[in-house]
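What follows is chain A paired twice: with chain B in the first complex and chain C in the second.
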Partner chain A sequence: MRVLVCLKQILDPDVPARDFEIDPAAKAAKRGGANLVTNIFCENAIETALQFREAAADAKITALCYGESTAEDCLRKAMAMTVDEACLVQRDGNTNPDAAAVGRVLAAAIQRLEQDGGPFDAVLVGRESGDWGTGQTGGALAEELGRPVLGFVESLAPGNGSVTLRRQTDVGIEVAEAEPPFVVTITNNEDNVPRIPKTRDVMMSYRKPLQKLSLADLGLDSDEIRSGSSNFEVEEIFVPTDEVECELAEGDTLDERVDQLARKIHEVVASIG
Partner chain B sequence: MANVAVCVLGSFGYDRAAQGVAGAGRALAESVGGELHVLVVGPAEDGAVAALSAAADRVLIGGNEELRDVQPEQALQAAEQLHAAGGGDYVAVLLSNDTYSQEIAPRLAYRLGGSSMADAAAIRMDGDHLLAQRTAYGGKAISIYRLKKQPSVVWLRARGFEPAPEQASAGEVTSIDLALDAPRIRITGREVAEQEGVRLEDAQIIVSGGRGLGGPEPFQELRRLANTIGAEQGASRAACDAGWVPPNWQVGQTGKKVAPELYIAIAISGASQHLLGMGDSKVVAAINTDADAPIFKHCSFGIVEDYKQVVPLLTEKLQAMAG
Partner chain C sequence: MDPTQATREVFWNIQYTWLVYVLMVPTLAVFGWGFWLKIRRWRAGQPAVRFDRPGERLRLFLRNAIGQGRTIKRRYAGVFHSLVYTGFIVLFLATTVVAIHHDTPLHIMKGHFYLIFQSLIVDIFGLFVLVGVALAAIRRWISKPKLLVYTDEASWILVTIFVMALTGFMIEGWRIAVTDDPWAHWSPIGNLFALGSDPWMTDTAMQRGHVIIWWFHLVVAFGWIAWVPFSKMSHIFTAPLNIFTANLDGYGGSLKTIDFETAERFGINHLGDFTWKDLLDFDACTECGRCTDVCPANTVGKSLSPRDIILDLQALMHKQGDQFLAGSNGSNGDGNGATLPVIDEKTAMAPEALFSCTTCAACMEACPVHIEQMPKIVDARRFLVMEEADFPEGMMDMMNSLESRQHPFAGTQFNRVDWTEGLDIDVMADMDDPAEAEVLMWVGCGGALVERNRNTVRATAKLLKKAGVKFAILGREESCSGDPARRVGNEFLFEMLAKGNVETLSRYGVRKVVTSCPHCFNSFKNEYPHFGGSYEVYHHTQFLDQLLAEGRLDRARSATVNGGRTITFHDPCYLGRHNGEYDAPRNLLAHLGGTRQVEMQRSGNQSFCCGGGGGMAFVDEPPDQRVNQERAQEAVDTGADVVAVGCPFCATMLDDGVNARRGDRDVRVKDVAELLWDEVGTP
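What follows is the complex of A and B.
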């Protein structure tokens, strides 16, 4: 079995709101003092793939990223988590390409890697990113590849010629059977928390192969891909200022304060009827 | 002529989400001087069909029996075929925010040669383009996207939109026979989470607990409060990730997007990803020990106090008030 995990490098989403600023010219967040990190759902996807490999024994995992040269860090970290090999497609042009452009680039890279190493049975992507978070890449990629996709998957298990998927929906867990090749988007649960790489594996990660490809290598050296905005672009972005005045319960004693709160809650509840 | 389509799942009926999507569709259709068509994926009950036709100019139903229990691959195929059956000249196809609709949207856009966007809280046309407003950076920013290709296929924060008004005359209802392939990924089992009371998304009142509760036991105390005022229970991501309550209680960016009349946040600091899930609440009340917690910038009223002191007393007082 061959498994491919797509990664995205993003600004650390845990930057506190007070340190968050928009660059109006770039129509994106300012980097400021924020670190660049691997998107958390992508790390959940790595962990899910590693657990699948542990159950399937002979599986091999490749990590793929479309990003700046800084994204090499994400791929090294993935290999330190014991992913077998990695590929970086160097981003050129728009730093915030739309999902359609990303889907095309990832699909072309996957097809290139498959020419060399055989087909990927499963392609894993994070359900959404912690920056723009539109959650469209998995669907766009699956359509580019002409493969089926299931969203919000939390685990993969080897079955009899197929792979058993568990996924989260609005109404509970769904179990599905997927015939390779297929695409899944990965969500988090308590079992796919990304592992911390061991020191030895961090050292070893530098000996693992990291292939670099350019858009030209993939035959995608076009203005359309470089602009990354044929489907959508950011028209406007701002930090909301819709903070409301909160009326805090006042009074000398706890009982008085809670009484005030109770009356306000009762008023709203009674108005609902 | 340019029309607007909304695409709903028949098995979900004309719920609050479908009403909101139809409402958003009607407003958009009026702005372009076109009709509102409803594409119904899978069989729907008569009452739901009647309500949809009262809201729309045309209703196209793909009622194939195999769509009753949704298979995502077939639902996508159905949406594509219903789109064609409706004439295909749509400026936009709007969907709801259930799991299936979320995964259909980008794929349907691809197949129709259009643009897709997720989780829109407001939409409008600007010339030939649709502008969709949503949150970005985990709720820290609001972004407005310009969708450049038609149709714009957008799933909406459905319950945040006003329901569609009833039309003077009901729209024509047509049944479409769909040709569906066997799905390559097949849902074989569903473990439906125990649903006590109504779905969180449809709840009028929600009592949510967060990290500050420190463990699963305090949720029992919150349950007494919830029962007193007829509320459903929710939780923050921290509480769900810790395993204190089931994952389907989670309100937030990657959990449920709720829109109750009253949302009571207890021991929840108000991280932007949580605010994103509760942002459509009409009235928010907060109980937190930290006066500087962000939640106090996003609530109508609150109390700076330890929940342990407040909740039992509050429950007692509300019981007395309810008589």
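What follows is the complex of A and C.
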């Protein structure tokens, strides 16, 4: 079995609010003092793939990232977590969030990797990214590859020629049997918390080869990718301001205050309708 | 009677005296063999430099081995151990005198020397042994404190020593009685036996008894000597050796560095990974239990027990015996499962216990024989963290944050510079000439990124400004010193952070560093020199104390901001025990007008950890096993209004603890710098 995990490098979502700034002209977040990290759902996807490999004999995992050269860090970390191979498709300064365009790049890269190493049975993509959060890339990628896709999967288990998938739904867990090849988007659960790499693996990750491809290598026109598809455009981007109105329930005794509070709640509920 | 002729007959009433020498041969052979086995095992350990600086070592040896400096710190045990210890020395000297007198031409056992030393003094010290052993027996068999290990061996040691001393007096007494020794009154205890036996024993009975007890005494003594290397009595020799080869660099410099390029294994999980000094540590343990008694984690009911760690490792070392030798240097020996792992769920080296150590070094300070427990715990943590990636969740989050953000506080709403708002503080990167800054103020993550500590660093900066110190900060270029990573066992991450910081500081030509975080202070002072970073390092209380002494800060005795308050100072482990600074913060507090300082029950080098060291500040402790609350209770119990601290970790830990334990009282936790600024900064 060959498994591919797509990774995205994003601005640290834990950056203090006061350090988060928008560049209105570029319609994007500024890097500022923030660090770059691997999107958490992508790390959940790596962990899910690693657990699948532990259960399935001779599975191989490839990590793929479309990003700037800094994204090499994400791939090194994935290798430290012991994925077998890594490939970076270099983005040239474009922060376009268009999932369809990203899906095209990833699909082209996957097809290229498949030419060299054989087909991927499963392609894992994080449920959504911590920056734009569109949650569309998995679907767009599946469309480009012409493969079936299942969303919100939390684990993969090897079956007899197929793969058993557990996916989260609004009402519970759904278990599906999937014939490879397929695409899944991975969500988090308590079992796929990304592991901490062993130090020796961290050291080894710097010695492992890392394949780098450009858009041109994949036969893609970077201008076209940059302009994105016609169905997606960022109109405006801004930091929402939270306005909190705080009113204290007044009264001399606890009973009075509770009474006040109950009245207020009643008023608010009534005003909402 | 001429006292210059006073002496006694050696081997009075004893025939076949040659048998003594014959029996001595196997006794000494077994004794020597036992110690040879030990030495052979120690030599299988990794190298360590512990015979350098002989002058310092000799001083330490005289103070804590010969002088029993640490042993006597516990009154009861100190008293009985001193009695037995001095008694043993005097009785050994007395035996030597007999041997010289009898077996060499030097007949020294006569005259005043015989009367004063060989009779009177020896009798008194023999009594010391009896009393000492009796006191020890009362403790072991009646009062039974928790810190002791209750083994048959320990009981037999008391019994045999008591028997040796008692039979010694019996044979002395019967000799005095039968020979009508004219110098009897110079041997008061022996004479007491003589006077006690006389009325109801005939001379013949005493003479016969003398022979039997004499040989019995000899057999017990020789058997005991042969047993020494195989029991904890071996500490008679291993303890002084261990003290002589102790770590002279202070607890703050006690962790080993790892050469990641060549290391076969990171951290320790096999006996062969330990240095010879670590192995000697195991054999030097006297089972006194003081380390576990003072251990903060153990005190609040956690399973960590430094005593049992050492004893379990000792047992493992003895059990492994030659197999361990075959498998030394970290390899797996002959493949017969020769080296067992030292980390083991079923022993004191269980991961859960290892990960509750705060690295406070109270165990090492308490140990009368200078065993180094804490570095071994960190060595084992290194194995778990770096080889197994197995450690508590809170530490995992902390390390993730260190890796991606270079600070341990995931989710902080502050950055490294916003505490400077309104203070006009130079940031090195923005200065035309960073060399203008005479001092680098190293803020530390705990100071800049944790809300409650921002006042501390603000106060420190304002004090430095007021004193006219030209200083600057690194701002966003600062990253964690690496201390939490190192204590948790992630040496690799520590090394990366340390090298990065050394590089940044070199870029700006930094020579002098002031920091309000004792953990950063310790790393800079004791650990960064290994990575090429040597600086003049001050804890902020030291630097402020110096400024005060130089008259650069106004003394503010008249100020009344803190007037009437009672203050107790909590010694941060990494300032106090690890680096020996106890006075500077207290000096500063003494300058606060109208305040009174009180000490907690455990203070100075006996201070009790806040619970935040060793990465424990990032771990969610069970509500009934919180070290910070134990310490906070002690602080509250002093009746103080202010608990003064000198460490951002202590501040947050004690804040939580004091709030839980202060009841209705108004007790505040404040950094010394905050308190000082309250006064100096008040117009």
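Heads up, the rule we're going with is that the second predicted complex is superposed on the first by the 243 of 273 C-alpha atoms of A that agree within 3 Å, B and C clash if a C-alpha of one lies under 4 Å from a C-alpha of the other, contacts with A are read in each partner's own complex, and residues count from 1 in each chain.
One rule holds in what follows: a contact is a pair of C-beta atoms (placed from the backbone, for glycine too) under 8 Å apart; a residue touches a chain by one contact, two chains touch by 3 or more.
No experiment lies behind these values; they were computed from the predicted model shown.
K.L.:
Counting only touches as set out at the top, which of chain B and chain C does A:Val202 meet: first, second, both, neither?
P.N.:
So A:Val202 only meets chain C here.
K.L.:
Scan A:Val105 for contacts with chain B and chain C and give back first, second, both or neither.
P.N.:
After superposition on chain A, A:Val105 lies in contact with neither partner.
K.L.:
In the overlay, answer first, second, both or neither for which of chain B and chain C A:Ala17 touches.
P.N.:
Both partners.
K.L.:
Let me test your reading of the model: by the given contact rule, A:Ala176 touches which partner, first (chain B), second (chain C), both or neither?
P.N.:
first
K.L.:
Which of the two partners, first being chain B and second being chain C, lies in contact with A:Ala59: first, second, both, or neither?
P.N.:
neither
K.L.:
Answer with first, second, both or neither: which of chain B and chain C does A:Leu218 touch in the superposed model?
P.N.:
Touch partners of A:Leu218: none, neither chain B nor chain C.
K.L.:
Should A:Cys246 be classified as contacting the first partner (chain B), the second (chain C), both, or neither?
P.N.:
first
K.L.:
Check whether A:Val258 is in contact with chain B, with chain C, with both or with neither, and answer first, second, both or neither.
P.N.:
first
K.L.:
So which one touches more of the residues on chain A, chain B or chain C?
P.N.:
Higher number of touched chain A residues: B.
K.L.:
Using the superposition on chain A described above, determine whether A:Ala71 touches chain B (first), chain C (second), both, or neither.
P.N.:
neither
K.L.:
Which positions of chain A sit in both the chain B and the chain C interface?
P.N.:
17
K.L.:
Of all residues in chain A, which touch chain B in the complex?
P.N.:
These residues of chain A touch chain B: 11, 13, 17, 20, 22, 29, 99-100, 127-128, 130-140, 142-144, 147-152, 165, 168-179, 182, 185, 187-190, 229-240, 243-244, 246-249, 254-255, 257-266, 268-269, 271-272.
K.L.:
Could you pull out which chain A residues touch chain C in their complex?
P.N.:
12, 14, 16-19, 33, 35, 37, 195-200, 202-203
K.L.:
Under the stated contact criterion, what part of chain C meets chain A in this complex?
P.N.:
Those residues of chain C that touch chain A are 260, 266, 385-389, 391, 396, 399-401, 404-406, 410-415, 418, 476, 490-492.
K.L.:
Taking the touch rule as given, give the residues of chain B at its contact with chain A in the complex, in rising order.
P.N.:
Contacts found on chain B: 72-73, 98-100, 102-103, 105-107, 109-111, 115-119, 131, 134-138, 140-149, 183-193, 195, 199, 201, 204-205, 229-230, 241, 243, 247-248, 253-254, 256, 261-262, 264, 272, 283, 285-287, 291, 294, 296-305, 309-310, 313-314, 317-318, 321-322.
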